[in-house]
Amino acid sequence: MHTLEEIPDPSSTATNANVKIGYIGGGSEGWAHTLINDLLQCEDVSGSVALYDVNYEPAAKNAELGNRLVERDDAPGDWTFEAYQEIEPALKGADFVICSIQDPPEETFVHDIDVPQEYGIYQTVADTCGPGGAVRALRAIPQYREIAATVREQCPDAWVVNYTNPMTVCTRALYEEYPDINAIGLCHEVFGTQRFLAGIVEKYVDEAEDVDAEEIDVNVKGINHFTWIDEAYWYDRDIFPYLDEELEERKPLPSFEPGDLDDEGYWTNHHQIAFDLYDKFGLFGAAGDRHLAEFVPWYLDIDEPEEIQRWGIRLTPSSARRSDGEGPAKMSRYLNEDGTFEFQESGEEVVDIMRALLGIEPIKTHVNYPNEGQISDLPTGPVVETNAMITGAGVKPITAGDFPREVRSMVRQSVDNQETLVEAGYAGDLDLAFQAFLNEPLVTIQRDEARELFAELVEIERDYFRDYDLEGADVLTDD
Amino acid sequence: MHTLEEIPDPSSTATNANVKIGYIGGGSEGWAHTLINDLLQCEDVSGSVALYDVNYEPAAKNAELGNRLVERDDAPGDWTFEAYQEIEPALKGADFVICSIQDPPEETFVHDIDVPQEYGIYQTVADTCGPGGAVRALRAIPQYREIAATVREQCPDAWVVNYTNPMTVCTRALYEEYPDINAIGLCHEVFGTQRFLAGIVEKYVDEAEDVDAEEIDVNVKGINHFTWIDEAYWYDRDIFPYLDEELEERKPLPSFEPGDLDDEGYWTNHHQIAFDLYDKFGLFGAAGDRHLAEFVPWYLDIDEPEEIQRWGIRLTPSSARRSDGEGPAKMSRYLNEDGTFEFQESGEEVVDIMRALLGIEPIKTHVNYPNEGQISDLPTGPVVETNAMITGAGVKPITAGDFPREVRSMVRQSVDNQETLVEAGYAGDLDLAFQAFLNEPLVTIQRDEARELFAELVEIERDYFRDYDLEGADVLTDD
Amino acid sequence: MHTLEEIPDPSSTATNANVKIGYIGGGSEGWAHTLINDLLQCEDVSGSVALYDVNYEPAAKNAELGNRLVERDDAPGDWTFEAYQEIEPALKGADFVICSIQDPPEETFVHDIDVPQEYGIYQTVADTCGPGGAVRALRAIPQYREIAATVREQCPDAWVVNYTNPMTVCTRALYEEYPDINAIGLCHEVFGTQRFLAGIVEKYVDEAEDVDAEEIDVNVKGINHFTWIDEAYWYDRDIFPYLDEELEERKPLPSFEPGDLDDEGYWTNHHQIAFDLYDKFGLFGAAGDRHLAEFVPWYLDIDEPEEIQRWGIRLTPSSARRSDGEGPAKMSRYLNEDGTFEFQESGEEVVDIMRALLGIEPIKTHVNYPNEGQISDLPTGPVVETNAMITGAGVKPITAGDFPREVRSMVRQSVDNQETLVEAGYAGDLDLAFQAFLNEPLVTIQRDEARELFAELVEIERDYFRDYDLEGADVLTDD
Amino acid sequence: MHTLEEIPDPSSTATNANVKIGYIGGGSEGWAHTLINDLLQCEDVSGSVALYDVNYEPAAKNAELGNRLVERDDAPGDWTFEAYQEIEPALKGADFVICSIQDPPEETFVHDIDVPQEYGIYQTVADTCGPGGAVRALRAIPQYREIAATVREQCPDAWVVNYTNPMTVCTRALYEEYPDINAIGLCHEVFGTQRFLAGIVEKYVDEAEDVDAEEIDVNVKGINHFTWIDEAYWYDRDIFPYLDEELEERKPLPSFEPGDLDDEGYWTNHHQIAFDLYDKFGLFGAAGDRHLAEFVPWYLDIDEPEEIQRWGIRLTPSSARRSDGEGPAKMSRYLNEDGTFEFQESGEEVVDIMRALLGIEPIKTHVNYPNEGQISDLPTGPVVETNAMITGAGVKPITAGDFPREVRSMVRQSVDNQETLVEAGYAGDLDLAFQAFLNEPLVTIQRDEARELFAELVEIERDYFRDYDLEGADVLTDD
């Protein structure tokens, strides 16, 4: 087509009523509320949302919230919400399926952070890679296998949007079970980099004011949370020369000292690592520094948690991952005090993407999607993160070119682990999984200690490893 | 970015004045007039056009025409036109370079068609592949090598747009000389397929009326003139089921008899071959049948020219390639009678593409561009044809997926020939070139006859092979 | 190991008694007699041979012959022979399985030759590629699928040696059914080239006399019957300079006229095509010219059979493929007149290969085997022909390097067809098979004629296509 | 050929007299003496040895030694030895070139070991990878570039045999300068594994006695010192089941305690790591444990040197790398006391390999050679280690198959570093080199400490980095 046009012909929008969305993890307080917020502000799509959750109650509350909010005058959208006890009816005939699930942090995530720390391995996040990320992946794979099987049975043509971490492994696991699935994974991190670059433009370009993150066109490549950009433009203006200036201004890196960040939040980010990678490898890290740090052994080789503050970031302690228990009170307010829930611009794209897939308005954004050549020097099959064009015809990744050798070497190591974890998760084979665990960049402890760490993590989260062959696993019984 | 936005900020359009376009082949009557037409109707870009041509006179006439038309009230564009005797100053500092050149048909193209025919090889077009296309490629490569070298020297960051055939080889030759060149090749053929599909939608979809070709989203893959589509959507509606219906209605194929097309023009196209390929391989041929027929040996294995009419096409005879000599008279009218030149909607995209590259408005279209993974089962490097996203950041191909094995086998054969011809053209090695000539699908004559044909073609066009080692070529002297 | 030593230790040869060979096609007059001949002359291996054939009688005769010959004084080998009515017991527990089978020529091969000729397609052999070879492949694939399944069940670790054409497809089909099978294909053609090169050495090297074909070390690469050599040494002496001399002496090629070979046998070979390929592509064709000619369209584009004599070869007419009926009489003589069967040096390697696999003496030879990188620019998986090292550890292909682009292009086309035929054979899908048929280099006739030819061949050999979906095949019903 | 025959014809051995060997590093006490030893015991090759060394004196002494020994009755070989002050005449017209060079350990190797230790990085050997190996590679690359250039000029067809570490990088550097060079790298480590496996056979197979390492056929794959075997046969008997038994007997691993090896030599090896890798990855490590340990971060993550004794190996301290100064005395004895130099079976293969290349007797052995497909899942180009067939036709790698994913991931990381180091060495670019340095598995210290370590190593060995752009290197000046 000559230009990317919006749908011109009302007759073809008939399909945009009666859209069904199945939501797995529908009891969540975060993503589910955002979806309600976004859908109710969308005027040209309507239909129903089926909220399924292993905990029915919160899903039912969310359904009640949605159905109440839709009545409000400031909600132009026309949607009905219903909670489900079973996944099958929730997904039956769905046009879209959204996944955002999480095991109880107290029984899982907390250990993913704390146990490795006892072995001297510090993780800033622990949800994607490193020992914690590897174990989280193993827990998630059987769950995503089941989701994919249910999609194949209940709504084989639906588009599945995943929000759960580890993003790469979860999305990849869907395709392993059901290769014809239509699935993408969405993540915010690159938006953060775009916002940062918008600030760089404002700082260095005289005529630039109020630059919006959406105006920054970045060439995204890599895997989720270890994403890189090698091109950034504000319209037709190359931003990289300004990055060079900024780098010189910031040098030497790192520029903090332990303790400097004691008063900052755990999520603080000063882009020190993104710039350090840019300095050494020529590509800018396009995820928060807390994520980037976990994909190489050099930043987190520390003896005390505060040391990582030198790089402008903090470790998220396990305490911050425990539920704060404030959800029910907030929900109660929402349901009882009309107006407490304020509609806002969420910054999320899922509704924009649905509109694109429904043929209403094309969108170009970055997605997690199996490599089919968009990154030419990574193997085809694994899930990677690049830009994609989304239209009524579906999702088409945009080629991102290849990597400098040493960056590819690092990215590929994680891609290999992704594949091995998925293979191990499907086979229920913890010995195979341990091969990937050992190959994690943060696992630099002695080999036999690594085995003990792995075994201890599996043991403490044993209930979540029911799909694995625990008896036959040498890695659990060596001694 | 969330959506593909037009440039919002007038301040950044400063770069869109004073745009310089260098035009190689600036004396042409076709493309040059179209460019003048399109530029003078474009409001948000202005600048100058440098028309270079080996024949200065027609270029000077075109410059005069452009400068006169810009004065007209119905020409909002603000451009100046100048003709050049030398290529260097014409390209110096250019932002864009357009190439549309052709050797005198009487001395080249006419032989490319007629000589093979004496050996029993019929070509419908003879400008892309087959014996004629191979020889045309060899003539063009040294010319394109020189263009690329001049771009590197005079305007290294310019975007080069090629219109000359053989499209694939010419564009590839630019990258061989100057790997960092910014170059694409543009061709109409896929638009024709989109128009055809728009008609299919109108025929089969009740509510569809006045469907525009731009509303048809096709997944383009292949090489120029041997292009395929494996997906076609009208917004979010899959068109392939309608193609299936249409195919059944049209069967059995071919449905014409020799002589049926005697009254039709040489460019007639009934999509019989596109449908036949779809029937046999599952992908629809996305170029005119006259082009598709030349990439396989089965359609043009005929004894008499009329036989090809069975497939709904005709051979273009060499007589139709000779100049009609009407250009000067028309130009004279244009220059002397104001209003004779009527501005029109050209259907060409080059100005849209310039606007996209200037950061004004993104565009998604199909282009000829080196494979960097957009077609994952072809080698990287050769020029292929797929969709691409064009923005201020440049051209990014959109992944098109891979091919069914047997289609890939055919496409790859031509890709291999493309590479061998370019290599031979750079080395001036006709023996190497003959390897590709022999591997052309239409060259099914005996081996020693093929050698004679090749030698005869080179001999008769000897003046255009000055860059080749004619003395050292065994293929010319075997006997 | 430092050198390739023979087995030194009698204690380890215990395994070399009681070797069991299962022979599929055990009623053959050719290969089975050769095997008996070779086994009975081998002193360090002994055991039993189970002869299975769809025709039991000839197998029983062969068993009787073997058991009688073993008694002779000039037969040092110690073997017993038994004929089987069923394949399962014949293969049960076998260490080696030999396959040499053929459908009745009168009902198959004869048509493979004659029917295409009616469509103007001449084939010199018709057993490997071209229309005849493609159809033969389709008939063989289900048979080889069954063999592989039986091997997996009865003797999963056996080494399977295939002699049947089309060599490449048959061997490939074994691996498709049972990927862990140990199978190779053996063919004589390269030996012929080695013999020819031995003669070249004798002709051009003063001190060379009585050069044995085994002294010629060739780097073999390609696929069976379209095999190439790009290196040939007599010990450490490069033979290619002599090939260059010989080529100059022989030029111009071809050097015969139609009719020149009327008095020569159908199998005559003057290496004109091997030299012509060498002249044009730099690699020497390493199979008989009759085979080489069928892989490209240029040699066999003739109007009358005699024309191909220009290249020093003849077409094998279908009459030469009918049984001569002399087998029973010869067998009768063998059984009744002791001494009629004379042991000889067969020139075959199968017993040498068995000895290598049993750990007795390593051997380096050329084999047909799945590509696992020995030819680096062909895809891994398809069966290719290269040198291999065979020891007690198994078969290890020796890397052969890659191809010049245009040679690879031709070879790859046939490799693609190999894969498509096997896929079609496994799916029983004649429409898919027809994709490969169309892509055969010799199929240069019009598309609709090609369809008719394919349909006619399948129809006339219908009894041998029982495993295919004949009703669902569009290619058989188009009209 | 049917079997691998020795050269039968005396007439063709004419070329085996007057063989010229150029020896770079001809003043060495180790390799040069071994070569003299081996050549003088070889009866069927004769000629001259040109000994070149940057230190002329020791080379002259070696020449004197050689010329004296050749006179002895127990030396059947016929060779002359000459020392050279310049490399060009030493290599002029050579048939073979041997390289075994080393920078003065006190100024280089000693620092490669000691400086990283100050940063907490312990290396068992430090000559191949890790921080020490990386720096050694950088020093060697310009030297090997010069060697390759000299070979191209003085003896372009010679076979070059490299013994210097880092083996992989040195051999790769030769091909980078002169792609048509004939070069291989030889290393002992795999022989050690074969000897170990011979012992396993003797232990587990009743009838096996005095099993020679040469009788063990291993499938070698990987890169030098990080080599793996996935098959091992004693004739046709699979050894892996015995390895499994042995592994079970040895478990749990590691089975030593710090201090256990205080009385053993620095080169002790208990195969604990080889077995541990086998246990975790299914492939047996085929190099000494001291080498294997350096390619992953888990074994050498220790706080004190003794800790590594748990894995049955020791660190080689830098003191063991200083010259012992005993060379001159020994040489003096050799020259003055006839008989002091005792000929022995060296266990080296270089003379066997020369004989193979001269066409006398083929040999199959493992070599370091550019990947051309012998390892199908590593990129082509980098130097890898596999078996190869060596004949008068040259060196042909034997395919070794591919790797399990996680093993490939580790090997590929080192392959990537190999390529980056060579590229950096050719460009003189220490910033690029630092990318590889950071990607070394042992470099797990903080990023800014890694930079300091790299800078300190370069600084202390500054005289050996003259070919690098020291001024322009950011990595040396960051602060």
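To keep things simple, chains are lettered A, B, C and D as they appear, and every chain counts its residues starting from 1.
Just so we're on the same page, a residue touches a chain if its C-beta (ideal position, glycine included) is under 8 Å from a C-beta of that chain, and two chains touch if they have at least 3 such contacts.
Note that the coordinates shown come from a computational prediction; the quantities given were computed from them, not determined experimentally.
A.B. asks: Which contact partners do chain A and chain B have in common?
C.D. replies: Of all the chains present, none is in contact with both chain A and chain B.
A.B. asks: Copies chain B and chain C touch; is their interface built from the same residue numbers (over half shared) or different ones?
C.D. replies: The interface is built from the same residue numbers on each side, given that over half of them are used by both copies.
A.B. asks: Using C-alpha centres only, name the chain that sits farthest from chain A.
C.D. replies: So the farthest one, by centre of C-alpha atoms, is C.
A.B. asks: Would you kindly tell me how far, in whole Å, the mean C-alpha position of chain D lies from that of chain B?
C.D. replies: Their C-alpha centroids are separated by 55 Å.
A.B. asks: As a quick test, compute the distance in whole Å between the mean CA positions of chain C and chain D.
C.D. replies: Averaging C-alpha atoms per chain gives centres 42 Å apart.
A.B. asks: State the interface residues of chain D toward chain A in the complex, per the touch definition above.
C.D. replies: Going by the criterion above, the answer is residues 251-254, 276, 279-281, 296-299, 301-302, 404-406, 408-410, 412-413, 416-417, 419-420, 423, 431, 434-436, 438-439, 443-448, 450, 474, 478-479.
A.B. asks: Quick check on the complex: what are the chain A residues that touch chain B?
C.D. replies: Residue positions touching the partner: 1-5, 7-9, 11-12, 15, 194, 207-208, 213-217, 219, 231, 233-237, 349, 352, 357-365, 372-376, 380, 387, 389, 391-394, 396-402.
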